[in-house]
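The same chain A turns up in both complexes below, where it pairs with chain B and then with chain C.
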Partner chain A sequence: MKIVGVAACTVGIAHTYIAQEKMENAGKKAGHEIAIETQGTIGTENELSSQQIQEADIVILAADVKIAGRERFEGKRIIQVPTDVAVKSPNKLIKKAEEVLKQKQAQ
Partner chain B sequence: MNDNSLFQIYFDSDLETKEQVYDFISEIACAHASFQQKQDIIHQLNEREKAGSPLIAEHVLLPHIESEHVIESQIILFRLAKPMHWDETIEDIRMIIAILLKKGEEEAIKKKMAGFTRSLADEDYVERLLNVEEIEFHKEIIKIREES
Partner chain C sequence: MEISEILNDHTIKTNMDAQSKDEALNELANLLLENEYITDVKSFMKDIYAREEEGQTGIGNYIAIPHGKSNFVKEIGVAIGINKSEIPWESLDGNGVKGIILFAVGNDNEGAQNHLKLLSLFARKLGNDEVIEKLLQSEKTEDVKKAFCN
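And then the complex of A and B:
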């Protein structure tokens, strides 16, 4: 499964980067290809390319604030959660992404 | 700013309540500022908490703010002498990592701080910070400081 996502929190110095690391680690551990863009105090890092977005099976937005460029994900299956979900339960979040995709494929 | 002063470590801290922790942090954030400015820092910390839980791992809190009242950006680590009851929903806290970001801080410092917070995604690293002795604790922080 190919996952892309964005992490963004209010101050943009803490949860943003922990959420990114945790989601990427959990995704890779589960055998998926995953790339998470951060929108933090430093600005946008690890910016997703249009090809990455196009090829993604699912999008995870771990955000406590409005993210920039949400329109890039139009038409994609999106899971949106607060950053603390990605920080505290990254494995569960990846599992949820797998389930959502399974449901989509079953339709 | 001097990179060495970015981290402050309080090992075996005897702080016992959330109020004591936020008071202490506000003193560090703006030592010579007015009472009102310190109250603003405490208010910001409380507001950030309302926006989302500061709990990042079992036993670990990460309160953080960005403020014009912060004189120098800092990462303040408290390894508590005794587990702390934080509030009705959070208890058994053993380590508090407070991040104070000065408004308009330079990018190089922000990157160092972000590098450190990324390291907190590593559960083994956090586990070590929770359990090692004081000398090792300092070494773990120095290691991350040099890497980030």
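And then the complex of A and C:
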């Protein structure tokens, strides 16, 4: 499946990027296409394109603060967790995304 | 842009012998002071502890990433300590830590985009299990640098 997401932590210098790396690695390992935008002290990086968002099956927001541009994901299936969850259990998080999508398809 | 640019031989300490979180933080903060990244250890530590209050900085896998923005930071940088033994630390997996990465970032980062970028690339590496494994096994400064730069 195709996953897009945003990582954003309070200080914006550490957890944001660790969460990004962990989610991307876990997603790829599980055979998905995944792109994570980071919103940190430096600003927004790896910004998601509207095409990426449009094509995504699911959105993962790993955030401890309000993210910028949340309206971009309106109408999409969204999973929101604190960055700690993405850092601690990235594989579980991807699994959860798979399950949520399965439920959606079963509906 | 190379991650090695953000690393400094003089702020990396392997075989560290800290017995507590406070000892480890003090030792690393002093390295930052000696190498002119920060201007005052006590005030800098106060800002680091303010972030510690907000939530765990132990990210699991025996790694901690104490950080926080501080007015007492002159230049963006990191101090890395590889401790001989595990020390108690609030962490996501309940374990203590052996690798401590202390981030120094100021509140005013105008003109520091390049350093911030390097720091973000560096932080990203901490999300990689292979990097962490090599980091924890580091015996020498050179090993720490290799862990991040390969």
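Quick note on the criterion: the second predicted complex is superposed on the first by the 107 of 107 C-alpha atoms of A that agree within 3 Å, B and C clash if a C-alpha of one lies under 4 Å from a C-alpha of the other, contacts with A are read in each partner's own complex, and residues count from 1 in each chain.
Definition applied: a contact is a pair of C-beta atoms (placed from the backbone, for glycine too) under 8 Å apart; a residue touches a chain by one contact, two chains touch by 3 or more.
These figures come from a predicted structure and were not determined experimentally.
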Chain B and chain C placed together on chain A: clash or fit? clash
If we overlay the two complexes on their shared chain A, which of chain B and chain C does A:Val87 touch? Say first, second, both or neither.
both
Considering only touches as defined above, state whether A:Lys22 meets chain B (first), chain C (second), both or neither.
-> both
For this session: State whether A:Val11 touches chain B only (first), chain C only (second), both chains, or neither.
Result: both
Q) Can A:Gly40 be said to touch chain B (first), chain C (second), both, or neither? A) both
So the chain A residues that chain B and chain C both touch are 10-11, 13-18, 20-22, 25, 40-42, 64, 84, 87-88
Per the touch rule, the chain A residues reaching chain C in their complex are 10-11, 13-22, 25, 38, 40-42, 45, 64, 84, 87-88
Listed in rising order, the residues of chain A that touch chain B in the complex are 9-18, 20-22, 25, 40-42, 64, 82-84, 87-88
Contacts from chain C onto chain A in the complex sit at residues 51, 54-56, 59-60, 65, 67-69, 92-93, 103, 105, 109, 113, 116-117, 119-121, 123-129
Interface with chain A, chain B side, in the complex: residues 48, 51-53, 55-57, 62, 64-66, 99, 101, 105, 107, 110-111, 113-114, 117-118, 120-122
